[in-house]
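Worksheet: one structure, shown below.
Letters are used for the chains, namely A, B, C and D, taken in the order the chains are written, and counting of residues starts over at 1 for each.
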Amino acid sequence: MKLYTVSGFNEVGKNMTAVDLGDDAVIFDCGLHLPAVVELQEQEEKQTEYSEKKLRGIGAVPDDLLLDKMGVRGKVRALLLGHAHLDHIGAVPYLAYRYKAPIVGTPFTIAVLKKILEDEKIHIPNKINEVKPNSSFLVRGKKRNYQVEFINITHSTLQTAMMALHTPKGVILYANDFKLDNSPVLGLPPNYDALKRIAKQGVKALVVDALYSGNDRKTSSEKIARAMVEEVLLTVENRKSAVFVSTFSSHIARLKSIVDYGKKLNRQIYFLGRSLRKYVSASIEVGMCPFKNNIYMGSYKRQVDSILKKVSKNRESSLVVCTGHQGEPGSIMDRLSRGKLPFEFKANDNIVFSSKTIPAPVNVANKENMDKRFRKTGVRIFDGVHVSGHAGREDLRDLISLLNPENIIPSHGSTQQLSPMIELAREMGFRSGKECHLMQDGQKLKL
Amino acid sequence: MKLYTVSGFNEVGKNMTAVDLGDDAVIFDCGLHLPAVVELQEQEEKQTEYSEKKLRGIGAVPDDLLLDKMGVRGKVRALLLGHAHLDHIGAVPYLAYRYKAPIVGTPFTIAVLKKILEDEKIHIPNKINEVKPNSSFLVRGKKRNYQVEFINITHSTLQTAMMALHTPKGVILYANDFKLDNSPVLGLPPNYDALKRIAKQGVKALVVDALYSGNDRKTSSEKIARAMVEEVLLTVENRKSAVFVSTFSSHIARLKSIVDYGKKLNRQIYFLGRSLRKYVSASIEVGMCPFKNNIYMGSYKRQVDSILKKVSKNRESSLVVCTGHQGEPGSIMDRLSRGKLPFEFKANDNIVFSSKTIPAPVNVANKENMDKRFRKTGVRIFDGVHVSGHAGREDLRDLISLLNPENIIPSHGSTQQLSPMIELAREMGFRSGKECHLMQDGQKLKL
Amino acid sequence: MKLYTVSGFNEVGKNMTAVDLGDDAVIFDCGLHLPAVVELQEQEEKQTEYSEKKLRGIGAVPDDLLLDKMGVRGKVRALLLGHAHLDHIGAVPYLAYRYKAPIVGTPFTIAVLKKILEDEKIHIPNKINEVKPNSSFLVRGKKRNYQVEFINITHSTLQTAMMALHTPKGVILYANDFKLDNSPVLGLPPNYDALKRIAKQGVKALVVDALYSGNDRKTSSEKIARAMVEEVLLTVENRKSAVFVSTFSSHIARLKSIVDYGKKLNRQIYFLGRSLRKYVSASIEVGMCPFKNNIYMGSYKRQVDSILKKVSKNRESSLVVCTGHQGEPGSIMDRLSRGKLPFEFKANDNIVFSSKTIPAPVNVANKENMDKRFRKTGVRIFDGVHVSGHAGREDLRDLISLLNPENIIPSHGSTQQLSPMIELAREMGFRSGKECHLMQDGQKLKL
Amino acid sequence: MKLYTVSGFNEVGKNMTAVDLGDDAVIFDCGLHLPAVVELQEQEEKQTEYSEKKLRGIGAVPDDLLLDKMGVRGKVRALLLGHAHLDHIGAVPYLAYRYKAPIVGTPFTIAVLKKILEDEKIHIPNKINEVKPNSSFLVRGKKRNYQVEFINITHSTLQTAMMALHTPKGVILYANDFKLDNSPVLGLPPNYDALKRIAKQGVKALVVDALYSGNDRKTSSEKIARAMVEEVLLTVENRKSAVFVSTFSSHIARLKSIVDYGKKLNRQIYFLGRSLRKYVSASIEVGMCPFKNNIYMGSYKRQVDSILKKVSKNRESSLVVCTGHQGEPGSIMDRLSRGKLPFEFKANDNIVFSSKTIPAPVNVANKENMDKRFRKTGVRIFDGVHVSGHAGREDLRDLISLLNPENIIPSHGSTQQLSPMIELAREMGFRSGKECHLMQDGQKLKL
């Protein structure tokens, strides 16, 4: 059995890992490198449809030509997707056609994928399968089948799964992007029972989100973020002023908290921006949008303009949730800050970022400059009303203790970001290069 | 009327501000510069009693000789203390004798002061007066009296007060060290009504805690910290292992949360360390220690040793709260990390720092080195289970909006730390050098 | 006499200070805020001519409408320019027409200004006067005249001047952007004699570059940078590979060092990029380009393409100096990194940044992303082959000791960046708010 | 053949690598972890002689018990020392006795080692051998001998060597602590010819100083530091004031520059401090102290006091070089800053740190606090008059290109500090886990 760390091991983004089982192979995740895409958008005069070639050229998609070279491509029997974030599913529209294999994910993940395909007007030939959280998919191989469990786990979007591939040599557990949150506001808590069960069966290899392995923490629950949202919205002096909130569009639990406290303020709630529409619609389709009747949504230019004009006249009774917490060019927040939309901020209006600036330089620059433009209006800015969706060092220790894997492969960051995982593993008795493997993009590990 | 920024305007620590009212004067706060004291302790072979001279020599106490030079010392009619932290009251034992004036503070502040005087075996000639939160003290001047309100405010210790000195020209509001916390876990919420009232009367000058004026935030409530403590104690896998928690000894609300969740774990709770004993005893004396019957306290060497031996045998049923979250030399945590106490940490034992390392270099060094020693044992470290007690930029905006003062004097930090307050004030219409004054230690401002 | 800190006191950029002398007034500098312009370029689909209105809207030019409001505009008798950098002269094309006053600067500064006016095809009605370094200009006032000395000082471009305005109340010395370099590689050393002389005459106010007042250093001489360039070019293994160098286009002394060592490598030297052409041409016009016969220059697309094709075939015998050390979109380096120019980097080709990334977020992002694109080719990157052109804390101390001014106004940064100057001044006996004034944009100081 | 990364692969300090050759073994370096020792000194009331046990307990010496466990200890035939820094030789007094093997180093390294043994009054049974730079030592094995070349390389102390162990399977090159400096001020330049020769013979493994593998630089020559020293001493206004300089005591080339420019100032030069005496005496013994006749040295308390009293009266004609650039407790600078020595700094006296604060937290704290104490006197501080002695990314690339080793083992830092070397190696075609090995303390690598 061989594991290929195709992509996502040299930087945060464009995750892809492949497992060669002999006659068959599977792929975990197929994501975009978002900063590269953002940069491309800034370069190109018009947002055109991206070609696979262009995206490969700028390093925005996994370099899966490795799998051709290694003779794996033809054996791929499933493309398994862990959750709905673009760095895990965003390259599917461009690369999936290369594999004669079904695409598999939880209902929310699949609903989001379908929205993306629709929006980008891309057709892919692959069959698309939904698997409920905490149930299994059977990958049909040449001579035998393989069970893949989609074990429910918590993260900053709905229906995130750790994926357990059962092989004759033991389980390969793909555990990218998670935290251990027993009070997740929306959705199920982590399925510890399933993890215990597969630990007993024997975990051959654990591919694990090590992004914050250097942080001495247990990552806080989403309920903490909820309490932070509550406090900012309900205790700050904001009665007569406008309130705008921006958060990760895919973070339906966070959106629920914002809507809940927005209602308490007796404000009419508007959602503005294309990516918000995409994720919220997907959550409605899978029956996981508890606030669907409490919001007005607008994404087309005319809708956005008309809503903002209304808000402008009813500042004290409106709350706008919109895109742009990273200062993304073209987002609602960005355009508001440049005076390109029909709403003008005044002194004491409130802008709440229920988010953290993702530390890619392009985000830092966009966000700082946007803040600066906003600040000229005398607006109030509440930044960092947020808790992370990624496990800290002590969550990782809990997971590894629980699973006792034979091999650990740190994932989801640069070599330097992943290196503290090596030290944690060492504390727990896993030796670097023996049981804990600091891999890079495009490498192979024999198991 | 003149205001003297005696100390605490060039660095965090040793706060002291004086107001010259003509015939009379008052002093706000009389604190220590703790890093200097810590350093002194490290230098001296034995912890001896400190003399005023030695403390002046290392810059550990306010340079109040300025007041002699300015002819103010003899007119001082009251030494008013805002809250019980050492950087606000710690120099009283060494400097108070210089003033023929009573010392005034809330009951908890006074109780702590008395413990310190007792511990250091220092007698001071001054009368000591207690004033309940949200009531007033009458300063007896030469020809007239002055009312000083002790307005209840929230911070990281009990019975913190903003002090409003009523003068013929308006109120001088000394607002050092606060946040606006409507859910303070223990004690009263901020007295907004009183603040609104004095705003109507007219605030001549506001001396204000500007330490985090550069942070775009409303500082979270203590209830958030409580939820973080809950999560670390109750959801992490710790059943069979020791649990040690360290937090600010004066933070009785935080200690309450730790005890509450410790009880839920069915663990016997021990408090170890001299400063814990000091603050907890003070809180008991003023009837504000809800957990007094749930803990065993030990501070003398023999008690500490005996308790730790017991804990060593009953790791799974004990929880130790102890001093040392900043890695202070000689604290319980420090001595534990050096193997100087009869308890040995094992792999998976838990150390929770319900605190943040105060960014003085001596603390950073002590804490990092202590962590490193701990880490060799395989212990788990949960750091930063904490929220700040200091106002952020948006709390400051709320306070200033509420008070609309004539003059703002940013306080509680270095020139560089205070400078963002200048920018916030400017956004709100206060001009640097006109209505907002970036003062330094030892300066005078005419009002 | 009143001094207006029009702009450049809240952030690095768009410098402008005005002095109201009663019947007459003068303006020092009239610069752009470059990050705002860069951002604008990224936003706009095409680089169009900028209007004053648009530039005002994004805060790219000084808000000199203040001078209208204060009744100063009509009295302005001279627009005095200290040196050729865009943050000091770049707004002249857009704002100068508002003043019926001549523009005055050293020959290199004026030559650069004229190039800019030509390139942007902007005509301004003002008379333009050249003043040799270390000589004077007579400002003709309503009732009397004022001498302005252009005292030669060292910085990172040619013919930089401290400007001493002689008034009846003493000298106003505008000392923005300088270091004290006794070995400046090109041009004259600082004119200490003149500074001593005006010190004797009495300096009423010193407006001074305090950007690095927090750095405990004497800024190194340009000769150190020259030695660093020498070492990177001559001792690194680069015989068979391409060498590209980028530096500040206005830094003629640095360019001289690059050309000198390029010649030692026996390489043909090419200069590519519009801003290089602009500054180098200006230096040729004023007779200060010692390397004019040693280089080929190209700035139009066709020239650039043709030169790069030639270099591509003669990697081992060419050295390219080009624009783009900050990763500016559209610069030669930026376009090279995106594969938009006919030269492909190979493993072991050399890219030397004889510069430092200016810490505006947009630069940091552009540079990091550009580096990342380059790194995929296996190229070698030598970053930071540079010394600063700005005075450190100890240079400032030397200057202030020399001048002993009555008033100090720190300049060239944000409140926070300027605040260490307050502390240095304090050490030297200047009190904050009395003799040392932390001003902000748009403020007035009576002298 | 097996290589043991005994120590120095988890943090900066206590370097030790062992090679098991079958019947025989050799050890490279045997250093201390200095921050641990500094901390110990601060803890202990008196500086006593340290025992091996105590030093092991605090992790100050390599954990070489591993070699006992692995059956290597008895086979060790030589203890080879690369250069005179304490993190490379400082544990010899405590651990060497465990090996029946000679100690081998260049004359300066050995001279320093002997001084240490003398000072600490420790006798070790091992034979001690000197090897001239660029010559060889023959390790006598059980059945065969092994040649070890001491190839001259440049670093921040004299006679630093890369050590090439010739084995039947190729050369093991131990290249810890170096830069590639072709103008080293004192001593020989790098012996590139020897490196090329062993490259031809075949380098089986390269253990390499990767501390700054993440810095995009070629590290500057010592001649740059010399020019910086020159500028600070000769161009700053310091005629009437005292001048104190502190630098690394082992950095004889730097000391030469300081003395040279001190002489130009016509100042009498004094060297104060025990470690200065140690290293300078060693350099005199090996005939490499060109300034030996130009200095007065003092290290005992009486000498120090008497010299400082003299300097105090002759401030304008003295220059003191002393210990304490890291703020080490007990150093001359530290004691000066605390008023414990008979010299008082006045305003405008000069303190030059020809050094960089080594980023261990204990150093940062000591230095910052010392600076703060100094600053109260109005003294001038020139910090960072220094260039590094460690290779940057591009030096490493040059070395690896030159050697083309089969295996690379990054050394001299924490996992995180070493991780950029993995990325550089990858660029150059070395795969992580295959040809480039991120090792940790106490690991084994089969070759």
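Here is the rule we use: a residue touches a chain if its C-beta (ideal position, glycine included) is under 8 Å from a C-beta of that chain, and two chains touch if they have at least 3 such contacts.
Note that the structure is predicted; figures quoted are calculated from it, not measured.
Interface residue usage between chain C and chain D, two copies of one sequence, is largely shared: over half of the residue numbers at the contact are used by both copies. Two chain pairs are in question, B-C and A-C; the one with more C-beta pairs in contact is B-C. Between the CA-based centres of chain A and chain C the separation comes to 43 Å, rounded to the whole angstrom. Chain C and chain D, compared by their mean Cα positions, are separated by 41 Å. A separation of 47 Å divides the Cα centre of chain B from that of chain C. Residues of chain C in contact with two or more other chains: none. Judged by the touch criterion defined above, the protein chains are all mutually in contact, each touching every other.
By the touch criterion given at the top, residues 35, 39, 42-43, 45, 57-59, 329, 338-339, 361-362, 364-369, 376 of chain C touch chain A in their complex.
Those residues of chain B that touch chain A in the complex are listed here as 180, 182-183, 216-218, 220-221, 223-224, 227-228, 231-232, 235-237, 347-348, 371, 375, 378, 380-384, 394, 397-398, 401-402, 427-428.
Across the complex, chain A meets chain D through its residues 10, 214, 414-416, 418-420, 422-423, 426, 431-433, 437-440, 443, 445.
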